[in-house]
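What follows is a structure written as structure tokens; I'll ask about it next.
Order as written gives the chain letters A, B, C, D and E; numbering starts at 1 within each chain.
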Amino acid sequence: MEQTLFYTMATVTVIGTIFAISEKHPVHAIVYLVTSFFALAVVFYLLAAPLIAMFEVIIYAGAVMVLFMFVIMMLDQGRPEDARRPPLVHCLPALVLAGVILVSLVLLISSRTTAIPIVAVAPHIVGVREFAITLFSKYGVAIEIISMQLLFAVVGVLYLGRRRKQ
Amino acid sequence: MIVPLAHLLIFASILFVLGLICVLIWRSNVIMMLVGIEIMLNAAMLVFVAGANHWGMADGQVFALMIMAMTSAEVSLALAMVVYLHRGKKTVNVDAFRELRDQ
Amino acid sequence: MTLADISIALPLLILASGALLTLLGGALTHNGAVGTLIAVTTAIAAGLWSLQTQAVLIAPTLGLSAGGLTRLFTAFFAFMSAAVLVLSSRYNAYRDIRGEEYPATILFTTFGMVALAAATNLMIIFLGLEVMTFGFYILVAMDREQGVSSEAGLKYLLLGAVSAAFLAFGIALLYCVAGTLAISAVMQQTLAFGPPNPVAVAGWACVLVGIAFKLSLVPAHLWTPDVYDAAPAPVVAFLSGASKGAAVLLLLLLLPQAGDLAILRVPLFALALLSMLLGNLAALRQSRVRRMLAYSSIAQMGYVALALLSHRGDGFQAAAFYAIAYGIMSLAAFGAIGVLEGNGCGPNLDDYRGRGYSHPLAAGVLAVALFALAGIPPTIGFTGKFLIFAAALRAGEITLAIIGILTAAVSVYYYLRVVTALYLQRSENAERERISVFEIAVLGHSIALILLLGLFPSQLLGFLRMQLP
Amino acid sequence: MKKALELIVLLPFLGAIVNILLGRILPRRAVAITACSVIWGSFFAALFAASTYSGPAVVEIGTWLSTFDLRAPITFYLDPLSLSLCLMITFVCGLIHLYSIGYMGDDPGHVRYFALLNLFVGAMLLLVLAENLPLLYLGWEGVGFCSYALIGFWYKEAKNATAGRKAFIVTRIGDIGLGIAIVWMFKVFDTLSITEANQMGHLVSMEVITALGLLLLLGAMGKSAQAPLMVWLPDAMAGPTPVSAQIHAATMVTAGVYLLMRMFPLIGVSTVVVAAIAVTGAFTAFYGATCALAERDLKRILAFSTISQIGFMMLAVGCGAITAATFHLIVHAFFKALLFLGAGCIITAMQHEQDIFRMGGLRRTLPGVFWPFLAGALCLAGVPPTGGFFSKDSILTMVWVKGGMFYGALYGVAMITVFLTAIYTFRMMFLVFGDRLTVTPPTHGPHTPVKRLPRIMEIILIPLALLGLVGGIFNLPAYLGSGLLQSFLAPLNVDGGHLSQATELALQGAASVVALSGIGVAWLCFGRQGREVRITRAEQPASGVTAFLQAGWYVDTLYQFLFIRLYKWLSAILWERMDEGVIDDSLDRMAVGLGRTGQLLGRWGGGRISAYMLSLAGGATLTIVWFAWVVL
Amino acid sequence: MTTLPVLSVLIVLPLLGAICLIPLKDREKLAKWVALGWTIIELLIACWTWSVSGASPPSGAPPGFFLFEDFAWIDSLGIRFTLGMDGISLLMVLMTVLLTLVCILVSWRTIHERTTLHFIMLLLLESTILGVFLSLDLFLFYLFWEMMLIPMFFLIGIWGHGRNIYSAIKFFVFTLSGSLLMLLAIIGIYLIHGSQSGIYTFNLTALIDTRLDPTVGIWLYAAFLLSFAIKFPLVPFHTWLPDAHTDAPTSGSIDLAGLLLKTGAYGLIRFGYPLFPEAARTLTPLLVTMAVAGILYASWIAFAQKDMKRLVAYSSVGHMGFVALGIAAWTPLALSGSIVLMVAHGITTSALFALVGMLASRAKTMEISAYGGLWCKVPVLSCFFMLFAMASAGLPGLNNFVGEFLILTGAYKVQQTATLVAFLGLILALVYTVRLVQELLFQEERQPLPMGDATSQEVVILTILALGVIIIGLHPGPLLDMLALPVHILTGGAP
């Protein structure tokens, strides 16, 4: 059951992403992407990370994508008549490079010599409590750092967004 | 573990590469490039979560959270810059910005 | 949180609170000088603290370390940022970059570097690196009067984000293999002796791509000239000196813990080779001084890669030494360029004509820095190159050493072009040099360091030898 | 003895130094007096040395080059040969110095002149007295330099300067031979001492000795203007006439002969060398005589005759007849100096006209010159019983004594040369002194030999004439008593066998007949009637044999084409094509190429973010693929 | 007295002098006198070292060295501040201080702008060159070896004329390319020695004992040789020299010809051969070929030159070919000859450059064809010119001859053919010399040039050099004695 759900969701994610990147219209692309992220959130959930799944939905599919949408609208990129796909010349090298990378990665990952040890203990669900303990004790500094970064994102954006002096 | 780790990793790799493709082909639209970067980072998050699940540790999930926070900061800055640049050139085509180059 | 924890984390705390204070002070007084003053004080305080603090290896609970390398580089970053702040004050006034955001962001960037330096696990490393880069995204684009500077910012940001994605993906793969983020464990398990683990190898490939971008190694170097060209000169000094140093430090934190580095040899080899060749060749006919120095920086990082590659011959020490050396040299070079530009000097080589006589101090510093970059004794650049090539030969990297030294010979040409313009060519401009006491102090210190560490590197070397056996 | 030797050499140098340093502030007369007095001082020192001479002596004066196994101190070797040459040199040079006072009467460069002249004498004496080869070489090059500077003394005319240059370079070619011989000798003998080397000949193979001998011969060829390096001497006449007399007739040009005589104990054992010397000498003697036959320039005639006479000396050396060679060398110095000084008088009197076809009747106008000149001519032509006759005859005799096909042929050549010598000598005599001045040169306008000569110039001719005429007493043939020089030089001689008095007399008779018949021929051609015809004919450009001879067998032209042009051409080619063109340009091109490559590499991407991305992704691809390749 | 580190003082003093001059930027007159005083002090110290050259060697000194100083420096890398003086260095040091004095005097009136800077550069150059001649530590040697390029670069570039920038850069890049490879070789031998003995050191005496694999030895030596050959310069690495000389100011030319070129030869003698005896022997044919080619080729080309300085520059290449030949022969005689010729050439060529500079400063041209008939216009200068030209052509009794003769004598024993060919070079040398003399001094004046005869200052300069020419030519004994011991030791004799 879970496996089936997982594979389904994985397929949805991949297809959604493919649609997103091949869609000529940015607004549609964002919508496909939101779909894909929802599916990904399900995968996270299946991987015993409910918190991350929540954040994925709230932050990514919610805030970030809305931000994108907002900017698209603001820059007036949402008009369907302007939208066109990138020409094949642009795609070809990208596809070749990406294809090669993918093949190599897949070969490496699926190699029989892959020696990621199978954990002996029974599948262990990481609970919110454990997550929180790890987050705030072990990686307390990381919180500090990331908070600084968010602060300075604000600073930077404000600085850039400030009207130029005449 | 519901599925083998390798499957998860391959899934993530596909996502990552799709993101890369998006970055590479959408030179005509910087917003789509940013979207591609988001996809790549999501792939990374997926790997972290898979690893956390595999090892039964929370570290990976924490890392995923950090990535999420970091990307949102980056995206906001990037979008601000796009808006700022768009004011000057009225375009989102990245290749239009090539005043800096070797003569 | 014990006292030891606080003692170790204090530089971070100082910098963070300093950044906030700067913002606050600027907002309250509407005077940029206050911000700068606070920022400089903070930076110096952080640097001093880290110099005097005890050598405690790992903080009990925070997961930060205070080993020798950490303290050395923390001080390096902190003093560097103080110097950059000092240099910026007049330059920014000239370029009309106002506000407390600038000093605060410098501190924030330094904060990232210091975090990276103190890291004991990959997460802090990653975050520190990203914070640093994030700070630079802002700094590079700060000069809003120049349209191109935001273009540079965009280029840096897009490439930086992609490389960050690579880095994250790579670290994730490593995590999958090792099951932990602690550096030593990850390094031991992913680069163990015996047949390599394919997933780990894939992870390392991605990590290398990310780091190549930070070090601006070919083929991930293309942003460098553009950013160097457009960013404010002190920012370039900081970017070139400190951020490269941080990237090198990252590798120095990781690689010595590894079991077997053999698998990384060929990629590093290629990166070093291409960077040395391309950097030095592309700089030859540059007409813009900053772009020339950008290519030079690419080449210099090629030498660092060569040093890292030669880890079996004390290459890590050489790399660490050279990272610091390069930091000081670029501080001097771009500091001097900043002063010259503040005096109305244009970006082209031709604009530098005769500045050696009309602006003797700044031009003198620039000339010494260039000779140092070219590796002419008795400068730190020479000693650094000497160490690198000694390491390369000791490790048996003879081919690369020979190519490196030949490209170094070629590189002399373009450094000399600038010196030529400064001293050998004439121009009619007879304006007086405007340079503040603080700038003189900073540039003077950097020159003194270039010469003194070049002639008497014993102490630094001995220290590095202890840290990186 | 040591003091005397030191004085002999040092005095001239002293004079030179004084004149160089102080010449500009000293009065004119003082310069001349200094110059002359040091030479005469040197002569008296030589006389003193001769009077106390008791046997060969090696005297070390000071150190010079000395390191490791190489020893070349300043050491003099006084033996009969060097002593007699010293006497001759100081005496003749002393006279010439005196003569110069008159000759250089009002020339502005007199300080330079006398300084160089003194320097020359010093160097020449050093050459003669040197006990080791480097020291000899020092003198050797020293005289070469002085010759160079003095030939080009009137440097403002390019021709003179060029002549000096030519002399210097051509002799330097010969010097190389000497130089190589020196280092080679040092290699095989481990010594540079002449006396020691002369005794070590048996230690090495004959091939080496032959090679050494030929190298020395090359040196001698250059210095003594022997074929094929004789081309410089006629041109050297561009210098002041006393210089020609001193350097290019009496002393320096005989240095080559002296060198061969000096080294004869070593090289004389090689038949090849000896034969080569003899052939060189005979051929050069013949060559010089033929050229002199057609030459019109008074000084050049004398120059060719010098070449020819030195050829005789070489021939003598080639026969092992050291005494004969020395004898002729000394006597030749007297009469040739005489002839040159006389020519100097004539030329001065004729206001620098040197073409003998434009002279005539000087017998009456310049009697004080004519008679000594006649004496000199008789000596040169070998008319008995002048000194010239005896010295030349002793050479001919020695050639005869050697016998055999080879030397027989050489004897024949020598006899022909004697004949030719008589002809050209008296051709010159008749044209210069005979009859009266007939032709008024169209270019020079009418000129009459009115210029009064300084008395001293004519006076100097007399002692030289006397010495030339009676020079024979130095070495009378056996039938007239003992040969002074013969016994004096005995230790040096390689005994060439004995000759009955009858044969000797017969040979002398033959020689004198040949010489006299030569004079006769000259009389027929250039005497009273012939003179007019010849002079008229000389107005036309020369043709045929005359032209050939006048051009010195076209040797100069040949060298011009073969060496000089080629050298200059190649020099320019090497510089422009090779040095600038290939070596330097290839580096420049490489530099430019590197720069261009760099430019291309820098333009990679052209500022487009997409290209930057592709580059980054490409790098990533390569890395990952490479890792996959390695691991799988 | 022995406690004072004289050699370090010798090196540091000019450096201090240069620093002292910096504040005198606008007081050029004073700066000149200070620089002069400083060089004279330097000269006196050098003479003092000469006076102790017979003294017994201090403890720890390698055989043959009578002054030796050794201080700790970068211990972790085995680098020490080791200086030593033997006869060869002494000679070179004397020449250096003398020629620097000459340079200062030559520049006295001819440098009109940035005078103080000029003197600073001269002092810096003196210091670094002295360092090269005194170092016994390879690292230290290399340090000075490269440092000396900087002042030279500025001398050519700032006060030069014509294509001075091109020439300065060419000079720098050329010489640096060679020396960088040498740096690799230095590190190489350091590592090999370290791995063999366990002691990592750059000390020359220690490194001499390194056992080298033949192939490795050859490669290392080749790198050294390349570096020295460029400095020498040997054909075909010589093309920087004519340009550099032609465009340099007089003092630059003097320093370049008199001192910089000598460092190449000195390096080969002091480091090249002793460190790699076997490789040097193997590569001797190469060195000999380059030497002989240099002698012939450069002398030949010199003939075609139209520019006086360029002609003298090419003649330098030819003379240095002789030096190289002597070194290649590596017999006591030839080696002493080479060293003597280094000194002799230093004096002669410097004098010629000084003279050419004096002429050019009057006539404002370097073209040979502009001159002519100088003898009657400037007799004193001409007289000196003749003297130095003849010395350069190897006239016996003058200094060059001593060197050339010893070289040829010594080399003939081991390199017969090459020596024979080298003899031809003597002819070629004479050919271009007399051409120069004739076109300058003799013949009619070709262009009316404003000319005054030598000033008293010029006479002083030229007299100093002329005395050198004549004294060495006639009485080389002291000089040869000075060299005897070190040369003996270098060529394998027991100390």
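By definition in this document, a contact is a pair of C-beta atoms (placed from the backbone, for glycine too) under 8 Å apart; a residue touches a chain by one contact, two chains touch by 3 or more.
Predicted model only: the values in this text are computed from it and were never measured.
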_Co-neighbours of subunit D and subunit B - touch as defined_ = A, C
*Going by C-alpha centroids, which chain is farthest from subunit A? Tell me that one.*
D
*Chain at the geometric heart of the assembly (C-alpha centres)*: E
*Where are there more C-beta contacts: A-C or B-C?*
B-C
*asked:* Suppose each chain is reduced to the average of its Cα coordinates; what separation in Å results between subunit B and subunit C?
replied: 26
_Averaging over Cα atoms per chain, report the distance between subunit C and subunit D in Å._
77
*subunit D to subunit E: how many Å between their CA centres?*
38
*Averaging only over C-alpha atoms, locate the centres of subunit C and subunit E and give their separation in whole Å.*
42
*Mind pulling the subunit E residues that touch 2 or more other chains?*
none
*What are the residue numbers in subunit B that touch two or more other chains?*
5, 9, 16, 19-20, 23-24, 27, 34, 45, 50, 54-55, 57, 59, 62, 66, 70, 73-74, 77, 81-82, 84, 94, 97, 99-102
*Contacts with two or more other chains, residues of subunit A listed in rising order*: 90, 93-94, 97-98, 101, 104-105, 107-109, 111, 113-114, 116, 119, 138-139, 142, 146, 149, 152-153, 156, 160
*Using the contact rule from the top, write out all pairs of chains that touch.*
A-B, A-C, A-D, B-C, B-D, C-D, C-E, D-E
*Quick one: in the complex, what on subunit B touches subunit A?*
1-3, 5-6, 8-11, 13-22, 24-29, 31-32, 34-36, 38-39, 42, 45-46, 49-50, 52-59, 61-62, 64-66, 68-77, 79-84, 86, 92
*Which part of subunit C faces subunit A closely enough to touch in the complex?*
9, 12, 16, 19, 23, 61-64, 96, 99, 101, 104-105, 108, 111-112, 115, 123-124, 127-128, 130-131, 134-135, 137-138, 141-142, 144, 150, 176-177, 179, 195, 197-199, 201-202
*Partner subunit C, residues of subunit B touching it in the complex*: 5, 9, 12, 16, 19-20, 23, 30, 33-34, 37, 40-41, 43-45, 47-48, 50-51, 54-55, 57, 59-60, 62-63, 66-67, 70, 73-74, 77-78, 81-82, 84-85, 88, 94, 97, 99-103
*Where on subunit D is subunit A touching in the complex?*
610, 614, 617-618, 620-621, 624-625, 627-628, 631-632
*asked:* Going by the contact rule set out above, which residues of subunit C touch subunit D in the complex?
replied: 154-155, 158-159, 162-163, 166, 196, 198, 201-202, 204-206, 208-209, 212-213, 218-220, 222-223, 225-226, 263, 266-267, 270, 278, 280-286, 291, 295, 410, 413
